[in-house]
Amino acid sequence: MNPQFLADGILTGALLGLGGVGLTLAYSILRFANFVHGDFLTVGAYAALVVAGALSQFLGGSGIGPFSFGWPLIIALPVAMAATGALALLLDWLLFRRLRRRGEEIVLVMASFGASLAVRSLIEFAFTPEPKYYSHDLQIAMPLGFSVRATPDQLAVVVLAGVAGIALHILLTRTAMGRAMRAVAENPALARVAGIDPARVVRATWWLGGGLAALAGVFLGLTVQIRPYMGFDLLLPLFAGVILGGVGSVPGALAGGMIVGVAEALAVPFIGAAWRGGVAFLLLLAVLLVRPQGLFGMER
Amino acid sequence: MTGTLSYLAFFLTEVLVNFIAVLGLNVQWGFAGLFNVGVAGFVGIGAYVSALLTVPPWHGAPGPGHVGGLGLPVLVGWAGAVLASAASAAVVGVATLRLRADYLAIGTFGIAVALHELAANAQGLTGGPFGIAFIPHLLAAVPPGGLARGLLDLAITALAAGAAWLVIDRITAGPFGRALRALAQDEAAAASLGCDPRRLRIQAMALGAAAMGLAGAVQASLIGYIAPGNFVPILTFQVWAMLVVGGVGSHRGALFGAFAIWGLWSAAGSLFAAILPPSMATGGASLRIVAIGVTIAISLLWRPRGLSPPGRIVSRFLR
Amino acid sequence: MTTLAVENIVAGYEKGLPIVRGVSFAVAAGEIVTLLGPNGAGKSTLAKAVAGLVPEREGDILLDGARVTVPAHALVRAGIAFVPQTENVFARMTIRENLEIGAAVLPRPRRAGRIAALLETFPALATRPTLPAGRLSGGQRQMLAIARALIPEPRVRLLDEPSAGLSPALVSGVFSDIAAIAAKGVAVVLVEQNVAAALGIAHRALVLVEGRVAHDGPAAPLRDGKLLARLFLGHVEGAEAA
């Protein structure tokens, strides 16, 4: 087996894990499968593109050290995360909040499917379907040993994704808001009894989920390219990873995303790169048939 | 004059093709409460299976290495489409229907994505991005183009749609439909009366997908050409919009919804083509999708049961 | 001296199908009122209605004479704590995290002290505070649920069948804890199936039958059992007489 595929899989897996965390949180706290989540990645990537583009007029466009990106993108990253979180909140306020009150979760799924299409098409309208890049500099892949090569950007993405995962774990286990989110996910009625305001938790969930999706989107744009369908094309692997890891489990989402990413990459030498969705779908079917609660999930 | 008439015939033909798919979705969602996000996938299965069954072996698609079709009669192709669609829906149903409702959504979404990938990449089978051409028409003797062919197409589609309506109406008005409604109202009570909820739902999935497969097969043979780009999420979404606008649970509403949404879709296309410069044609196509998205969001928010409410018996069961 | 007053509560899960059909009662500071009644009488629904967890509710809840209008999640801060009958701990979170959630409504400086105090009151919980609550035994769970609700020092406590599923030895422990809580001036509403134990510590008893109050009076006269049996079976006797 070629270790290069494994390395590529780890990169994809890190992105899927990061994107999946927001999806699994929304799924367990807001209680619906949010089909807009993939497009949150896209929104984040484009928001960073716009902000970094504007900033590079003042700060210059050259990269720092071996990386293709410089201060403009680093500053743009938190802005893009906030913008995506704000969009998530706006959608909630316009659409999901009203439907949630009626208590029909499947109508929420339907609405999110529609919102996904609308958001994606608006991006396509604003930015055209042409792929975009944060930088046109070519990066040289460095040898890492075991005949594996990776660009500095790819290494940065994997490391930063790991850091984000750890930060998230601390947030969820060591802060009052993190515990409140987990409490609402597990038992919303008891959480209210314990004095947790569900509306605050819902807002925090959208901020966090949207922000992490944007982070994954920027990383994806950095290592692949920026397209209107970039996030939506990841939605199926994202769902597969979340369900594989167990809905509601943040470590599960990270691990599940990694497994799906590596499985896709390992399948490439046998069936070609065009079959990622098929691999994710087969994994998804297998999990649903064999262990529907996922690796880290609990029986509901 | 003939131009207008031709266009009208074409428009109504498209409305009716979509109506067949909406009928299927109405069985799944309107009667059984099953949320299918893979409508495009099931329509696509119908289109591709019928094409592969009916395309003559020596024609095939322009792509290299195409295995070609079997050259079977068109109606056999349609029957194969119906069966293949129903079978694939049953598989997804078996995998997901014992789980939370939205796992079915994810599963059907998954099959649509995977099938689209298959269509786009399995060049030897599906022609890949080039698609499959020379799909035989039901009445091969009538030359394409012109008002006569347009009216014939309309007649054929109307027959197919009428047949689908009749069959589905018979089934949903009978014991099967009653069991589905009982299930939607109170699962425990229905189960205690001897209905097997999971089996009923798998059957509803299959019946609905059968109609979607028929829609795909009819469309394929009318246009004579299919490509992966015809079976993308926007199609799923249009069919959903038609159902929601037309009135969930009502077959007649489905017809109205197909008419309204296809009208909106076509009108939005012409409108954006008229007001946007040609350089922004792709932008206009995107805005048109946004328009549909906003329409369905508004109908979900303000008219959850659609504009044409279903009959009293149905509405009592649909909350 | 009334701390909690419940006035004409009508409550249920669907419009037009009330489970609790016009119930009023009052609890004073330091008083234990036990809510008794046959299975399905609506005791849990009444408790949940007071806690703001039932979709359909009419009537008034008064705290120290003032109408309570805040949403369910704000009741803890207002001084009303509720321990549900089932699923009353966060099973996937540790003992300590459960207590931290209870403490989150307090000002930050007081949190650690209150958690430590409760761990002292319930030493069984203090031995392994990092154990997930889902792994606790029934009695320990019940203690954790009670401890969590006690952390903010509420003035009104609603307990739904705290003795359910406990061994007799544990029951007497839990009930003496409840009596001690009340002795500190807390108003306690105690829903119970374990009639003898509940009447043992209660000052007053309310018997609920088919969503209505069948009896409201001092607990002592009910302890001999005959009156209670008549009240529980009252509707059956009525049917025989008719």
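Which chain is which? They are A, B and C, in the order written, and residues in each are numbered from 1.
Definition applied: contacts are C-beta pairs under 8 Å (C-beta built on N, C-alpha and C of every residue); 3 or more make two chains touch, one makes a residue touch a chain.
All values reported here derive from a predicted model rather than from experimental measurement.
S.K.: Which chain's mean C-alpha position is nearest the mean C-alpha position of the whole protein set?
M.R.: Here the chain at the core of the arrangement is A.
S.K.: Write out the two chains that share the greatest number of C-beta pairs in contact.
M.R.: A-B
S.K.: Let me check something: if the centre of a chain is the mean of its CA atoms, which chain is farthest from chain A?
M.R.: In terms of C-alpha centroids, the chain at the greatest distance from chain A is C.
S.K.: Using mean CA coordinates as chain centres, what's the gap between chain A and chain B in Å?
M.R.: One centre to the other, that is 31 Å.
S.K.: What is the distance in Å between the mean C-alpha positions of chain B and chain C?
M.R.: Roughly 54 Å, centre to centre.
S.K.: How many angstrom between the C-alpha centroids of chain C and chain A?
M.R.: Once rounded, the distance between the two centres reads 43 Å.
S.K.: Of all residues in chain B, which touch chain A in the complex?
M.R.: Per the stated touch rule, the residues are 33, 35, 37, 95-96, 98-103, 105-107, 109-111, 113-114, 116-118, 120-121, 233-234, 236-237, 240-241, 244, 282-283, 286-287, 289-290, 292-294, 296-297, 300-301, 304.
S.K.: Of all residues in chain C, which touch chain A in the complex?
M.R.: 51-53, 71-77, 82-84, 87-93, 97, 100-102, 104-105, 148-149, 152
S.K.: Where on chain A does chain B make contact in their complex?
M.R.: Against chain B, chain A makes touches at 32-33, 35, 94-95, 98-99, 102, 105-107, 109-111, 113-115, 117-118, 121-122, 124-125, 128-129, 232, 235-236, 239-240, 243, 272, 274-278, 280-282, 284-285, 288-289, 292, 300.
S.K.: Name, in rising order, each residue of chain A that touches chain C in their complex.
M.R.: So the residues of chain A touching chain C come out as 173, 176, 179-180, 182-183, 186-187, 189-198, 298.
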